[in-house]
Amino acid sequence: MIYLTRKERFSAAHRMFRPDWTDEENMQVFGKCSNPNWHGHNYILNVTVKGDIKEDTGFVINMNILKQIIKDKIIDIVDHKNLNIDVGFMKGKIATTENLASAIWNELDLPVKNQGARLHCIKIEETENNTIEYYG
Amino acid sequence: MIYLTRKERFSAAHRMFRPDWTDEENMQVFGKCSNPNWHGHNYILNVTVKGDIKEDTGFVINMNILKQIIKDKIIDIVDHKNLNIDVGFMKGKIATTENLASAIWNELDLPVKNQGARLHCIKIEETENNTIEYYG
Amino acid sequence: MIYLTRKERFSAAHRMFRPDWTDEENMQVFGKCSNPNWHGHNYILNVTVKGDIKEDTGFVINMNILKQIIKDKIIDIVDHKNLNIDVGFMKGKIATTENLASAIWNELDLPVKNQGARLHCIKIEETENNTIEYYG
Amino acid sequence: MIYLTRKERFSAAHRMFRPDWTDEENMQVFGKCSNPNWHGHNYILNVTVKGDIKEDTGFVINMNILKQIIKDKIIDIVDHKNLNIDVGFMKGKIATTENLASAIWNELDLPVKNQGARLHCIKIEETENNTIEYYG
Amino acid sequence: MIYLTRKERFSAAHRMFRPDWTDEENMQVFGKCSNPNWHGHNYILNVTVKGDIKEDTGFVINMNILKQIIKDKIIDIVDHKNLNIDVGFMKGKIATTENLASAIWNELDLPVKNQGARLHCIKIEETENNTIEYYG
Amino acid sequence: MIYLTRKERFSAAHRMFRPDWTDEENMQVFGKCSNPNWHGHNYILNVTVKGDIKEDTGFVINMNILKQIIKDKIIDIVDHKNLNIDVGFMKGKIATTENLASAIWNELDLPVKNQGARLHCIKIEETENNTIEYYG
């Protein structure tokens, strides 16, 4: 079993808040992250897939195909976008990195399977100090 | 002459656009950076000051005082904010990193002078690949 | 199950030696790390906690609370200190990064539990090339 | 159980291709990585070993001994070399990072065991975006 | 005057040697970098241009245009190539990073001028420890 | 004129204080950096030299020779040492990074000249956020 990780980046705006809470309640739980005028990040996305080494290529998965999947399913949807407003797979969810990692897993699970490998981990660095990992 | 650089970080939303242009004109010049729903970045701010080494302390400037100046004048104003809407010193300016660097210079120039040193450079990394430097 | 990692930094002095060994024995096992006049590092501490996503917040743990716990229990105790002399929870232990990781686990295990999450990993980078991980 | 990781670097040339395929077939699967005149990388090698903390030293393994093992068995063999031509343990294998990680595992497994620890993971970063991990 | 830097990456093989020297002479001056079977690097290229902020856009230069210039003139020519064999603008030159920086300057000087800015610096990181800067 | 930078690292202990000041005065000016039991850092040293490209080698300076000079004159003297106690060229100076950069300049200026190049800059990163540059 070999694990392969591809790192991609995107820049997006978001805020963390619940529409059913008052501004004061949102500020108390989410702090400055609830700023109504948004803020944003350079997110770093690490997608890890696992599988056996294919005898004929020496690959777990063809990296060029994996890059294309991540681009089509994730980067083109979230890059230079507002995670709360513009991104279909985040609709109705609080825009935390935890929820983002779980939603990205759901988008990539099947396309990776279709390439003969398995999704292992979605890791998102929101800032250089804050990171979330999800293993399905 | 010694140069001292302090690195700080902030996360902010912005968009690049001109209100006197149509959406199509903005898209043509600013591309996806003109997204009306905003996007954002983890900005890295490098403030370089210069001066002689003070005999009694071995310092160009007391780093703790410089940190406090940068926090009061810049970080508290821009962190987890929208550069187009929330930040007084960016009012009326297109929110490019070029304009941001020049505006931050104006905020820090005098406070650094008051500590017996001189501002040398404002360097802002918008992404790991895009950096602006301004020397006054 | 989601994993959240918070990265913090501290600068400390230490030496590795056994008081019951001669200088020659210490030098033979610990090399230049046993220098009697100390040396030091910029340590990078990664604290990983795990748990379910809370429905009402979308969080595993409130990052601001986790930061405060790490500050109170670890950073305020070790930053700009001597690990051999100044740090209570290292008393009587050889100041290796292995022992440091295990001791920091003991300090953080219960406070993290009290926030409804579980401690998963203490990872310490002593230099950019030398890293220790402890999983309890 | 404690995990210790040592990071080393090497620069090498390689190409990915099968001699039993035509240039067109190689280009189709391996793309620009099959360039007949070679290309190269600054590879980053992370070797993780695991074991208990030794009571008398506070170490999992003596880092100086681990460094020497990695130097003798790997770095001196691959650094500033051509992975396809110059490296005995890659003979007959397609020079993918997957195969390289697996081959390096085989070189280090026994020497680490002889030091009273166990090899846990070989992780190779081929570029800052492409990483392979192998756990035996 | 504002300075803007764009960072790009490429992976290439090379060797340093003089065809008019013996292998022994080449080894004496260039060491392991003269390996006849090549080695390679992940090169990091930083292109800095300077100019005034344009009133209508807030830009020194449109980053998308600069990226396209660097791609067309440099990255497409050197990425996954052999600097000694495959790259026209390195023909007849020893493949040192010094010569590479100077050659890249010559390729980019005019195209940048045609965009109303001026080339300021070509900086190439051959490894994380070895960097060359050229200012024309 | 070409600029070449070599990056090296060392780990050292230090404290900032004046023996002719009381503990209270030292604490007021130097803060936690004056801890009597020392603290320490992973210092990153960047040595930049400048000169013309030599026609016969394509080098500004032979990197292997520069590495050896930095090792002999600096790294072997400061690595795993106490900057206040163990380092001859820091005797009688407050152990600030400013004073360290200036002292390292004095050690390297002549040896670099003897290799046909000129010292351009000593840059020391004390932490990832605090950097000093000295140009002689």
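As written, the chains take the letters A, B, C, D, E and F, and residue 1 is the first residue of each chain.
Basically, contacts are C-beta pairs under 8 Å (C-beta built on N, C-alpha and C of every residue); 3 or more make two chains touch, one makes a residue touch a chain.
These numbers come from a predicted model, not from an experiment.
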{"item": "Subunit C reached from subunit B - shortest hop count over touching chains", "value": "2"}
{"item": "Chain of greatest Cα-centre distance to subunit F", "value": "A"}
{"item": "Centroid distance [mean C-alpha coordinates] between subunit B and subunit A, Å", "value": "28"}
{"item": "Whole-Å gap between the CA centroids of subunit A and subunit F", "value": "42"}
{"item": "Residues within subunit E bordering two or more other chains", "value": "128"}
{"item": "Interchain contacts (touch definition) - all pairs", "value": "A-B, A-C, A-D, B-E, B-F, C-D, C-F, D-E, E-F"}
{"item": "Subunit F-facing residues of subunit C, complex", "value": "9, 11-14, 32-33, 35, 37-42, 79-82, 85-86, 127-128"}
{"item": "Contact footprint of subunit A on subunit D as seen in their complex", "value": "16, 18, 29-31, 93-96, 98-99, 101-102, 128-135"}
{"item": "Contact footprint of subunit D on subunit A as seen in their complex", "value": "1-8, 48, 53, 56-60, 62-64"}
